[in-house]
Structures are given as C-alpha cells and as structure tokens.
Amino acid sequence: MANVRLQNLGITLGGNQIISDLNLSVEAGEFLVLLGPSGCGKSTLLHAIAGLIDVSAGSVEIAGQDMTWADPSERQIGMVFQSYALYPTMTVEKNMSFGLRINGTPKAEIARRIEKVAEMLHLTPLLQRKPAALSGGQRQRVAIGRALVREAEVFLFDEPLSNLDAKLRSTLRRELKLLHQQLQSTMIYVTHDQVEAMTLATRIVVMQAGKIQQIGTPECVYERPVNLFVAGFLGAPAMNFIRGELDAQARFISNTLSMDLSTYAFATSWSTPAEVILGVRPEQIQIREDGQFVGAVMLVEPMGNHQVVWLQAGAQTISSIVNDQRPFEIGQTVLYSIDTCKISLFNPQSEQRL
Amino acid sequence: MANVRLQNLGITLGGNQIISDLNLSVEAGEFLVLLGPSGCGKSTLLHAIAGLIDVSAGSVEIAGQDMTWADPSERQIGMVFQSYALYPTMTVEKNMSFGLRINGTPKAEIARRIEKVAEMLHLTPLLQRKPAALSGGQRQRVAIGRALVREAEVFLFDEPLSNLDAKLRSTLRRELKLLHQQLQSTMIYVTHDQVEAMTLATRIVVMQAGKIQQIGTPECVYERPVNLFVAGFLGAPAMNFIRGELDAQARFISNTLSMDLSTYAFATSWSTPAEVILGVRPEQIQIREDGQFVGAVMLVEPMGNHQVVWLQAGAQTISSIVNDQRPFEIGQTVLYSIDTCKISLFNPQSEQRL
Amino acid sequence: QTAKPVPVEKAEIIHWWTSNSESAAAKLIADAYRKAGGIWVDSAVAGADQARAVAINRIVGSNPPTAAQFNTTKQFLDLVEQGMLNNVDDVAKSEGWEKILPEPVLNVIRIKGHYYAVPVNIHMQTWFWYSKAAFKKAGIAKEPATVDDMFAALDKLKAAGIIPLAHGGQAWQETIVFQAMLANVGGKELYLSVIRDRDQKAINSEAFKKVLTAFKRMQAYTDPGSPGRNWNDATALLISGKAGMQIMGDWVKGEFAAAKQVAGKDYGCIAGLTPNSPYLIQGDAFVFPRTTNPSTVNAQKLLAKVVLTPSTQLEFNKLKGSIPIRSDVDTSTMDICAQAGMAIMKDKSRQVGISEIFLTPDQNGALQDILTAFWNTRMPVEKAQKSIASALKD
Amino acid sequence: MSAILPSANAVPNASQKPQRRVRSKGFSFARLGIYAFLISAAIFFLLPLYIMLTTSVKSMDEIRMGNIFALPQQFSLEAWTIAWSSACTGIDCEGIRGGFMNSVAIAIPSTLIPIFLGALNGYALSFWRPRGANILFGILMVGAFIPLQVMIFPLVRILASIDLYSSLPGIVLVHTVFSMPVMTLLFRNYYSTIPHELFQAARIDGGGFIRIFVQLVLPMSTPIIVVAVIMQLTGVWNDYILGLVFAGREHLPMTVQLNNVINTTTGTRMYNVNMAATILTSLVPLTLYFVSGRWFVRGIAAGAVKG
Amino acid sequence: MQIKALRHKTKSLTPFAALLPMALVTLVAYLGATLWSIKVSFSSSRTMPTDTFVGLAQYTKLFENERWLLSIENIAIYTVLFILVSMVLGFLLAVFIDQKVTAEGVLRTVFLYPYAMSFVATGLIWQWMLTPGIGIEYAVRQMGFPDFVFDWIIDQDKVIYTILIATVWQTAGLVMALLLAALRGIDEEIWKAARLDGIPVWRVYVSIVIPMLAPAIATVFLLLSTTAIKLFDSVVAMTQGGPGTASEVPAKFIMDHLFGRANIALASAGAVMLLVPVIAILAPYAYARSRKARNIAHISEKHK
C-alpha cells in the first residue's frame, strides 16, 4: 500500500516540454486510469514515476517519501512497458522471475508465483520460449507477467492489454481487478480502451498535451465532462456537439433542434442569451417513431450487439446508438428524440462546461 | 485490385507447425478481417502472404499469379507490422517516403502523398522526428503511414490501431474505410477490436490455432457462429452458454430455463432428446419486469453508454447488457427474458452448431 | 619473480645472437663461461635494437641482466654517463687489454679511463665478395685491385648479362656501400676527417663529392629488385651466380657455408681495393649493468675474462665469421678471408672504426637517412653533400 | 531456446528450399555474384598462405634458387620439426614450443581481464553515464593514438615502483592498459545499439549495477565478446615487444622465440623454418577463428521491444 | 533542486567504482604518458630521460628533418586510403558472408587468418610477392604477359601503396568480423519492412543498414585510425622504410629514435606531434556533437 504524489512535475524530453506543472495525488490502493490522446505524455508520466527519466521540475513522492531522485529499484514498482522491453536472451520464465531472483525470493516461492501468473496469462506452454519466438500478444502477456509476479507496492501499466483479443482482454481485466483487490496495491494504468477505463478505474485522469484535464470517477468523467476536450475524448462513438443558443428560459435553440433545458444543472453562472455547445452522447439519441426531431440516415454501422446510425440533420451529423437490429436504409428519414437529462453544455469560447 | 489465394498453406516456425493446410481466397477489393486469439497465427499468415517467411507447404497466389516464392517486393504489398519495424535512423518523413523514393516516384508526388497521409494520421508536426522520440501511438501511426503512402495492390494490417486512443481510432477507422473505397485495394486486416472488425470487414475470418474456423460477413459470423469457439470468441461480453436438453418438441430445458425453440433454423439434423448447449448473447437477455426467468444480480459494470449486469441463475452466470442507467443492487433479484430468435445451439460433443 | 642475484654467480646475458650460426657461437662462449665456473643464463632477443631496448628497460626497471650485448660503438655512452654500468677495470688491467686490443675499440670501451665493456670480435663490414663463376662468365680474369678495376669489373659483369652488384636495398646496407666507397675511394684521411672529425671542410670538399658520386654510381649496377631485399637474398644471387659482387660484412660467409661454397674456390673476398684501405672495425661487446651485489660483480668480471681468452676467441669467431679481437690468436685454422683480415689488422694504421664508433647513434641515423635517400632518388650530389654536412654539424 | 542459435534458426530456412528458390533467376545471378566475389577475395587472401605453406616444405636450396610460387620439388616437413622443436633461439635450441605454455599463461588472463573491463566500462558508459566519464573516455581515445613503444619507458618505471615489473601480473596489467581504449570503445558502441528500455526494465526489476551487467547485458553481448576475444587474444598472442620487456625471463611468450627464430640481422636465415614457425605460432588464434562462428548469432535483441 | 539532482547522480556509487580501473589507466597510463612525453620532448634526453630543458628545439629539429616530413606525408595518404579500403572491403566481405553462404565458417577464417599471423613473416611474403622479377610480376609474365610490370615496391611514389595492400590484407578480416557482429544484431523485422517496400538490397544497406551500423562503423573507424597512425611493423617487415626513405612513417621514425638512435626527446616530440592532428580532429567533432544536441533542443523549443 503506497500512495503516489506528484507535485508541480515538469518533464523535458529532447528539448520539448512534455509535461509541465502537473499535480496528481494517487491514494494508496487506488486504481487510477490515465486516459489521453496519443502522444499526450502518459508514458512519459509513468516513466517519471518509475524514476526512469529525470524530471526537470517538481517532485515525486511514493508512500509518503520523496523519491524524486531515488533509484528505480528503490521505488518498489512493477511496470509494464508499452514497448514490452522483454529480456531477449532470457526465456519467458526467466524474464518473469528475473526481478524475484534479484530480490532473493526463495526458489519455491518464485516457482509458485510464476506458475500462478503464467496460468492466469495462458503462458504456461510458452515458459521455455524466448521472446523472439512469441507472437505480439504473447510478448505483451510476458510483459504483464513480469510486472505481476513482483507483487509491488505500485504497479504502472502502460496499455497492457492493447494487443490481446477481446476475450482474453476481458478475462485479464477481471483478473487484474481481482488481483488489485487482493494485493491492495496502487495501480496506475494507461489505456485507450474505454471498457477497461470504465470497469477498472476508481478514478480516471484525462490528460491532454501534458496537462490534466479532469480527474474523477468513471461515471463523473463520462457524464459530467469538465470541458469540450474531455467530452469529445471519452465515448465511442464520440459525443455529438451541436452549436446553438440558450435563451433566458433555458431553451436550447439551433437550426434543427429546440429543447427545454431548464432542469440542467449548471456548473457556472451564465447570462442569456448565450452561444453554447450542446453535447449529447449517441446513446442519448433515440431513434423512434415518436421522436421530436427529424434526420436522414447517412450511414449505418452494425456492431454486433448494437448499431451506430449516423444521421444528417441540417448541416449537422449526429450519431446514435440503436440497441436492436432493426434495418435502416441509407437516405431514409427517421425521427429521433434526445434524452435531456444527461446532456452537457459548453461555453464555445472557453470550451468549459457550463 | 488483386485477389489473394492461399492453398493448402503450411508454415513451420522453430519446429512448430503454426499453420497447416490453410485455404483462403480473398477477392480483389475485399476488406478481410482476421480475428483469432493471441498466438493463433494471424501475424504468421500475413507474413507468409507478404513473402517474409517461407511457407513449408502450399501456395500463395496474388492477382492470379503464383507468388509462393516471389520476392516480397514483387508482390505489390503494403504492410503494417505488429512490431512497427520502423527504420530507426530515419525521420518520420523519410520512413514514409523511403519506398516511394526508391520506386522513383516524382518528388512532388511523394510530397503530396506524405502530406496527405501525415495529415490524416496527425503526424504533420512530427515529420522531422526520429522514431525514438515518438510515443507508442505515434510510432504506430508512422507504421501505418509508411504502408499507406505506397498505394499498393494489397494491404496487410497487423493490429494497426491497437495503441491509439478511441477517438483517433474511430477517425482512422473511417479514413481507412474511405481509403479502401477510393483505392479499391485488397485489405487483410488483423484486429482484436470488435468494432473495427464489424465496421470495416466485408468478410471476417476467425482463426484458431492456425486453422480457419469460419469465414463470413460480420453479421453472419456474429449471429450464426459455426461452432462454440467462434461463438465464444466474438462479442464482448462473451456469449452465454447454457447446457441443457432439447426435447422432441424442440423445447430447451435446463435447470433454470425452459423455452420453445421450434422456430430455430437448424443447421444439421439431430435426434431428440439431445444434450445441447444454448448460446445466447448478453444483449439478447433483457432484464425487465415481465421477464420469464429469475436471476440475482452478481456484478454490475457501468460502461458509460451501457452497463453489463452479471446474473446468477442457478449454477449459471449470465451476462446481460442493459442500455440504460437504471440502478441495480448486488444481490437484487431480477426477472429477465431471452430473445429466442437470435440464439444459437451447439452440439456439446462436436462443438458444432446445430 | 625478479631475478635477484644469488650467491652462486648466475649470470643472465642478453644478446641478439639468434640465428643458427650465431647461436652456435654464443653457445661456445656460454660453455667456456660454464667451464670457468659461471652459470650462464641465456636471454636471446632477436634484433640488435630490440635487445638493447630490453636491456635498457630492464636496467630502468631495476631488474638488470648481468651483462648485455652492445656493439662496440657509442651506443652505451649514455648509459655510462648516467652511471648505469659497472666498469671492469680490474680485468682490463690484469689482462692487459691495452696491449691486446686494437686502438679504435679501446677508444670506445675506455671512457674517462675506465673500461665499461668487453669486446668480443671484429666484424669487417665492407668486404667485397664476388662469385668466381660469375667473374669467369664475364671474363674477368683477376681480382680487382683498384677502384677503377672494380668499376671495370662491374661493367663487364653488366655486359655479360649478370647483375653486377648484388645489393640489398635497405638503408643500413646502403650505408655499408657508402663506407666502402668512403674508405676505398676517399681513403683513410678523408674517412677520418668526415666521420671522426665531422670536418665541414672535408665534407664539402671535392674529394668527398667524388666519394658520393662513386657511391651513387654503384647504384646503377644493382638490379631493379634490390630495394628492400635482405642481405642474404643478395648473397643468394652471388651463390647462384646470378650476380657478380656484393659489398657486405663478413657474416656473409655463413650463407656461403650453408650453400656449401668455399672461400677462395667458389667465391672470393677483398678487404680493400688499395693496399692501405682502412679496415673498418665493428664488433660486439658486453656491458655490465650497475650492481653492487658482489657475486654479480664477480660474475661480470668472470665473463669479461672468459670472453677474451684466446681459445674462446678463436672458436667463437670461426663460428661467427668475424675475426678475433685480440691480435695474438693463432688464426691458421681460420678460412682465408679471416686470415686476410687478421693480416691486415696487424697493420695498426689500417685499423679504423666504422662510423658508429665515431658518431652518436642519432648522427649515424641521420647520415643513414640521407645516404639511402640519395641512393634511391635523383637527389643531386650537392644536395646530399649539404645534407650530410648539416646532419653532422653539432 | 535453440531458436536464437543460427544453426537452429537461419540454417533450416536456408536448407529447406534451395531447390525451389532456384526458380527465381534474379536470385541465382545475385548468388553467383556473391560467390564470385567471395571466392576471388578468398584467393587473394590465401595467396600469401600458399606461399608460406609451400616455402615451409621446401629446402633452403630450393628456396634460394626457385620461384616462390612453385610447388615444392622435394616435400619435406623437416622445417616444421625444426621450428617446433629444435630451432635455436639463443643458445637453447628447443624450437618455439618452449614458450607455448608461457603464451597460454599470459594470453588467458590478458584476454579475459581486458574484455571484462572493456565490457564493464562500455556498460557503465552507455547505460549509467556517470558524470565526467565521457571526458575520461575521450582522453582514453586520444591515448589510443600514442604508439605504445613511447609508453614503455614510463610504464617500466611505474611497474618497477609497484614491484610488478618482470612478472606475470605485470605483463597482464600492461596488456590490460594497452587494450583498454579499444575494448572500451568496442563495447560502448555495441551497447549503444541495445534498446535502452531493456536496461530500464531491469532497473525496475530491482537490478543493481552488477546484476544487470552480468545477467542481462553480458548474455546479450556474445557477438561482440567473440569479436573482442578474437582481437584481444590475437593481439596478446602475437604481442612481442610487451612480452619481451615486461614479462620477465620466466614468462617470455612464444613470439619472443618466434622472433628469435625469424629475426636476425647478420645471421643466416632459414625461410622454411620461419614460415613453419609463424604458422605454428598462429594456430591458436586460427583455431579460435574457426570455432567462433556459432557465436556470431543473428538478432540477439530480437523480440525485446517493439517500435 | 540542484543539490538533490547531485545527490541522485552521486547516489549510486557503483558505476563510479566500476569505472575506477578505467580512470586509473586513463589518468596514470595515458594522460601520464602523454604528459611525460611532452616533458621529455622539451628536454635534450638521449638514451635516458634527463631534465635539461631545451624549449622547442626538438620540434624545430623535427620539422627540419626531411624524413619526418616525408613520413607525415606518407602517413596522411596511407591513413586515408587504409581506412577507406579496409572499411569498404571489410564491409563487403561482411555483407556477402552474411548472405547465408555455404562454408561461412571457412570463408570467415580465410578472411581473418592474416590477422593471426605475425607480420614479421607475412611481411616477408608480401615483399617477395611484390618484388619485381620474382613475385607477382614474374608469375604474370610466365602466364603469357611478358610486358607486365608490377614494381610498386621499388617505386618511390608507389611503395606506400604496397604497404597499403599488405596491411589491408591483414586487417580487412577483422573489419569484417566487427561489422558482421553488428550486422547480425540488426532486427530481422527491419529487413522485412525494407523488403516489402521493394527496396533493392544495396539500397537497404546504404540507407538503412549502414546508418544503423553507425556505432560499429565508428568503432572500426577509430580502430583503423589508431592502427594506421601507429603503422610500423609492416613497414619494417616489408620495406624498412625504403626504397630510400620513400615509405618512412612517423611511428617508425619515433621507434628508430626511441631505441636504435637513442634520442628519446626527438621521439617524444614526434609522438606528441602525432597526437596533434588526432586532437585537432576529435575535439571539433566532440564540440560539434555537444553543439548539435544543444541546437536540437533549441530548435524544437522554437517549434512549439
């Protein structure tokens, strides 16, 4: 059990300021998920926490101790590298047991842990292979295994499941969650998979360009994004943004839509009439016969258990999730309604939530 | 436009028979998605098509010509490697333009293509960087870019979007689809992302342990899986399997369930009473007040736009997708019904679809 | 590990006598030393420079050998001046070196009145060797007795399609040819004023220019393959009759002997082209690194004594091809060339040291560089003369 | 496991299909060119060896009279026996075999220690990058240009002052000193091509300086270690001047004897014995070269990282 | 912050400890020897070092010495060609041997064996082979080209090239081994990517492999430069600096004066002068590298 605290962290790589003035406090035992667009600095942040790159400013505190300049090996960290970084000359087993052997863990204990982890990661038949003779997903699992056997205080996972198939991924997701509950260790987890983020996180951190945009529980971040970026970043398909105006009666009016938002919980005060951006998630747009608004079907994407229907409404393209398999035709005119209780409003200038 | 035909393909790596007797015919202009569990031989297959590993048996035909022993460069192929395989000493731009420069493509044309692709992949500001100074996702995009600029006859993509964030991924998915429509090139695409598979594929190939299990349109594979493996592999959460018996009246009876399946379209003849496995997808299980069956809520996973509810019904765990945000409590007893028109039945011995 | 002197008079001797014939000669001294009660520990190091470097480094590293071979030249002068050598004055006095050793050698080993080396032998570098077969073929009836005779003979050889001068084109061999020319064309006076006195006037004189011209003229008698050639390969040309003449030291006899050729029958030797051409003395000597250990000092003295005993001198020099350093040895059993040499040595006026006896190694080297360049390029005589003058200036 | 070895990896691939590959004609032309180049290069390289070998079995008379390219008229191994067991090197006529064990005794530590230190330096320089180390390395590199003979004199003094002059440890130390620039350079540059992430992963795993070096870095160094062994063993084995000056009488390496046999200014020369002795002396490094192949492994870092 | 940073750097002392032998060797042996040589070069030492200070006299003497000047000229030509030819040949051998050729082991040994042979003997062989009348010239004439001439070794202007041939023969195998080791380290995937791109093999080598071999090439380059500048044995064995002084080289000049000619002051001056071009080449390079690193930082900062 160890907390992690980053204060005013700044990191410069190759002359670029990648992260600046970042503050983040991860509680002991927390499962923190880092989200953010490609290249925003997630891996960099993990590397800094692990002590693998020198920070240019600020401090890193682990388990209450200033570790800014501590050696990586002193930090009691397990890490899955995005690029795996497997030891090429060692077998899978040796790869995983390396850290334990260094710690002087008894042989029997090592064998036990390796067996357990290999089982969990379906690596048992591959234990004597070297990384070069593994598939991409197998390598990734070895990387996970190497971190997991360590039973460290803090785990750093950098997109650990990205190359695994959906089935394995969901199994492992569950295993990781269980493990987290068992070990009570702190986990910082980078992922691009929304399902992982939503199911694993106690809190989600959304980053952009080296800055934290929002920290909160999955529901909070998903339902009450603090700004346009977070709103647009989470959710697939992305949130629909509709520009319009809010009048004094809290009615939202755009070219194609008009609806009453008087129940909306405003985050800030505002003066009417105001330009606003209305954010509405595809699942809040229901295509139904008694819908209030009209759109034309542009594109239908069947997804197995649901379909995404793209509607043209005026100049606006709107995506909607349809949870059944009823057929749509391209060009067909449909009616849809919007569930107003979960919408978001943003200030188009500041891009902040209203 | 080139078709790809694999006949009786066999591949051995490090003494292991990875692929044996595989037959696959990809139409010209098709967008074929390869699915399969980690380590099943997808990458190996792509490498064999590209001519990067030697096949031990069978033949590879591209555009009607036997290319089994042709040099990779003669095959007119663009490929994204799972491991990227970027040229470490070249900048992003050089990485992408290298093949073109060699081909003697005019400079202006190279510049045009690079610009286009870089734009599409959001790589424009990174063109002068070397791979070592890129994030994981950025590297992956360079790998995609390098393949795309080539405008080849056949594209092989090995999990090209795995390290990208959801938003970028959906953008690129769409771009790839567009590109495919424009170029009319044949694409063979490995992915673990169901959404990609469903939205991009004209046909899906499901592989297991080097063998093809099913080939078909996304809908077909999703809705009418030919065997237990395919049924269980596709879909997240996975299909629920319920063991039971089918009686002469085509009623399915298990400990907890009993339902009429007389409308089921049997794939093979069968004799009653028979042991069967009933496969039902989570979205076909509706939790509603007028449901016929009873279960207790075990676990709820909120996913943003939906939630997965795990029910305990007798000894069976059943997952169900709930498309709204209504609250459940662990232990709460709920009623559910099963949509019988989309279920699948399997022979427990042969594991084949009934 | 260091070979600390032990009460027994164990003597480690560094020398560069490594070829078969030289080894046999060295063994002779070793045996004589052993017979005299010493213990000879042999440290042979091929190559004179190399062997001396090892000796010097061992002295510097405080692990000196008991004795080390040097040439009887100025090579060890620095060591003496640095006080790194023991003298063997006792032996020299009791054995009366002053009387039995030739003057040029004494001048080198006796420094400020002390004797710092024991000379072993006399090599004469500037012998003219010729193949009787080749001479016969070229129709040369008699041994050249003057410089002009020699050039005439060379011309005849050339005309007969024989390589007139078998020459090994290495700098030191060219220096030998030069010394031969200086001694024979220039004569003893010029030789001494140029080499010993480094007299600028003599060097710039017309006579010296003539020597240089003669030297350069020799080059025209060599074959194109001569540059870089080892002296023994040149001798092989003589042995096979492909070449007529070679100017080289008396060690050449070893090669003839190996080819079973006999002096006076198959080949001839001429020590000088005029009746009073100087006999250029070069030789080997042992020096004795400084030590205070009495038993080592004893070992050193014993060596100094043994080396000069007449029987050792005779047998050693027979094997080595050189002639004894002491004039009182009975040489009747030696070959005719050696006997001729001994005869000449009887005339003290013909005893002259080679250039290394008079010049420091450095000056000698500089001279050698100029000579070889002059020999091998189209350097005008005047330039060579000027360069030599400046190289021999202090 | 065995996949890393070329014998198990590359060779089967190559042997599986030649009969089919022949179908592609561009391929066989290229091959032809490769072999043509390699064979002509081999002939160029072998020509001197041919002369050495034939010379070594000729008699001196034949050498004196004959053509260097000619095959021996009377084949005789006498020179070889002389070289090995009876050539004189001073008053002892025991051939070059006498120094063999000395050479071995010098070569083993003088190969292992410098390589170990070189690897250690390279590792520290490219992964740990301690402050100031690069300046040190720069000086070392410049120092590599000093002719070693110039350094002999001061080194003799230093060694004498620490009582190591003329001893086995002394000569090993000297070899270590003189090989340090090249060995360090060799490993430093090799390690710069190993993905840094591996090192980072090992640090996370709690590996300390030594652990990472021994368990991770050294196993990845086999190809360069082989090259280093080739260079260092050859260098030490063929060294003459250092052995002569620093080893002391009891430890003189074989090359001193070899040189004594070959090198003479005014003595007679036995070319056939010289050649035989030279070839005999070089047999140890030659054997090493021949067996070193299996360690020239391909793709030692394969599968380590993606990117 | 600075203090903390310092603590971080100094905290793990092991790397420093590990570099201790190197530091000692560098400072005591190399720096020490260099300083010692500089000191001696300002003295009038002969066989033994002495303390008589004579200023730049030795240097003046050095640069008045024609042999030295010629040596410098020779070594400059030789170094450039030697590095170039050895690298190209070694690289080609490595590349071709890397093509899964049969008998790789034999070929590798064939190319490497000259490196194992003492040059005292092989130099003689080369001398024989190059000597007109008995060597290659003779052989070719026998083969029916009676007018064939190959007499570089006795040619004042070409003799240095004969040394070049023989030393390249000796060294190319080692270059091959070094580059082969590096070639084998290149990830197969890179090759695959390049093959797919349809890049001709030679282009892959030129544009991808050679840049990736940069560290190994740097090693080879330094190795060859040091061997070239210290060239000595081969000259002694083959030509002894001749004909005349045509193939004299600085190291031989130094060695001659160090031992045979007992003038260690002049020899030291020569050794010091050898270091001057080395430092003159290395220092700007090191400077440029640190500049470049800084510049990159600078430029990318601006981009933002």
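Order of writing sets the chain letters: A, B, C, D and E. Residues in each chain are counted from 1.
The criterion applied here is as follows: a residue touches a chain if its C-beta (ideal position, glycine included) is under 8 Å from a C-beta of that chain, and two chains touch if they have at least 3 such contacts.
For reference, the UniProt names are A, B = ABC transporter ATP-binding protein; D, E = Carbohydrate ABC transporter permease.
All figures in this text were calculated on a predicted structure; none of them were measured in a lab.
Novice: Highest contact-pair count belongs to which two chains?
Specialist: D-E
Novice: Averaging each chain's C-alpha atoms to get its centre, pick out the one most distant from chain B.
Specialist: In terms of C-alpha centroids, the chain at the greatest distance from chain B is C.
Novice: Quick one: chain A and chain E, Cα centre-to-centre, how many Å?
Specialist: 55
Novice: Just curious, how far off is chain D from chain C if you go by their C-alpha centres, in Å?
Specialist: Comparing mean C-alpha positions, chain D is 40 Å from chain C.
Novice: Cα centroid separation between chain B and chain D, in whole Å?
Specialist: About 54 Å separates the centre of chain B from that of chain D.
Novice: Which chain D residues sit where two or more other chains touch them?
Specialist: Touching at least two other chains: 3, 153, 208, 259, 262-263, 299-302, 306-307.
Novice: Where in chain A do residues touch two or more other chains at once?
Specialist: 14, 71, 83, 133-134, 136
Novice: Check each residue of chain E and list the ones that touch at least two other chains.
Specialist: Answer for chain E, listing residues that touch two or more other chains: 12, 134, 187, 189, 212, 258-259.
Novice: Which of the residues in chain C come into contact with chain D in the complex?
Specialist: Its residues touching chain D are 1-3, 12, 15-24, 26-27, 30, 40-48, 50, 53-54, 57-58, 60-63, 123, 230, 232, 236, 239-240, 249, 251, 254-255, 258-259.
Novice: In the complex, go through chain A and note every residue touching chain B.
Specialist: So the residues of chain A in touch with chain B come to 13-14, 35-39, 41-44, 82-83, 122, 133-138, 140-141, 158-159, 162-170, 192-195, 198-199, 218-219, 222, 232-238, 281-283, 301-306, 321, 323, 325, 342.
Novice: Can you list the chain E residues touching chain D in their complex?
Specialist: Going by the criterion above, the answer is residues 9-10, 12, 14-16, 18-19, 21-23, 25-34, 36-37, 49, 89, 92-93, 96-97, 99-101, 104-118, 120-122, 124-126, 128-129, 134-135, 138-139, 169, 173-174, 177-178, 180-182, 184-189, 201, 212, 215-216, 218-219, 222-223, 225-226, 229-230, 232, 251, 254-255, 258-259, 264, 267-268, 271, 274-275, 278-279, 282, 286.
Novice: Within their complex, state which residues of chain D touch chain C.
Specialist: Touch residues, chain D against chain C: 60-61, 64-65, 87-93, 152-153, 156-157, 159-160, 163, 165-168, 241, 244-245, 248-250, 256, 259-270.
Novice: Quick one: in the complex, what on chain D touches chain E?
Specialist: The contact residues of chain D facing chain E are 10-11, 14, 30-31, 34-35, 37-38, 41-42, 44-49, 51-52, 55, 67-69, 117, 120-121, 123-125, 128, 130-131, 133, 136-151, 153-155, 158, 176-177, 180-182, 184-186, 189-190, 192-193, 208-210, 223-224, 226-227, 230-231, 234, 237-238, 240, 255, 258-259, 262-263, 271, 274-275, 277-279, 281-282, 285-286, 289-290, 292-293, 296-302.
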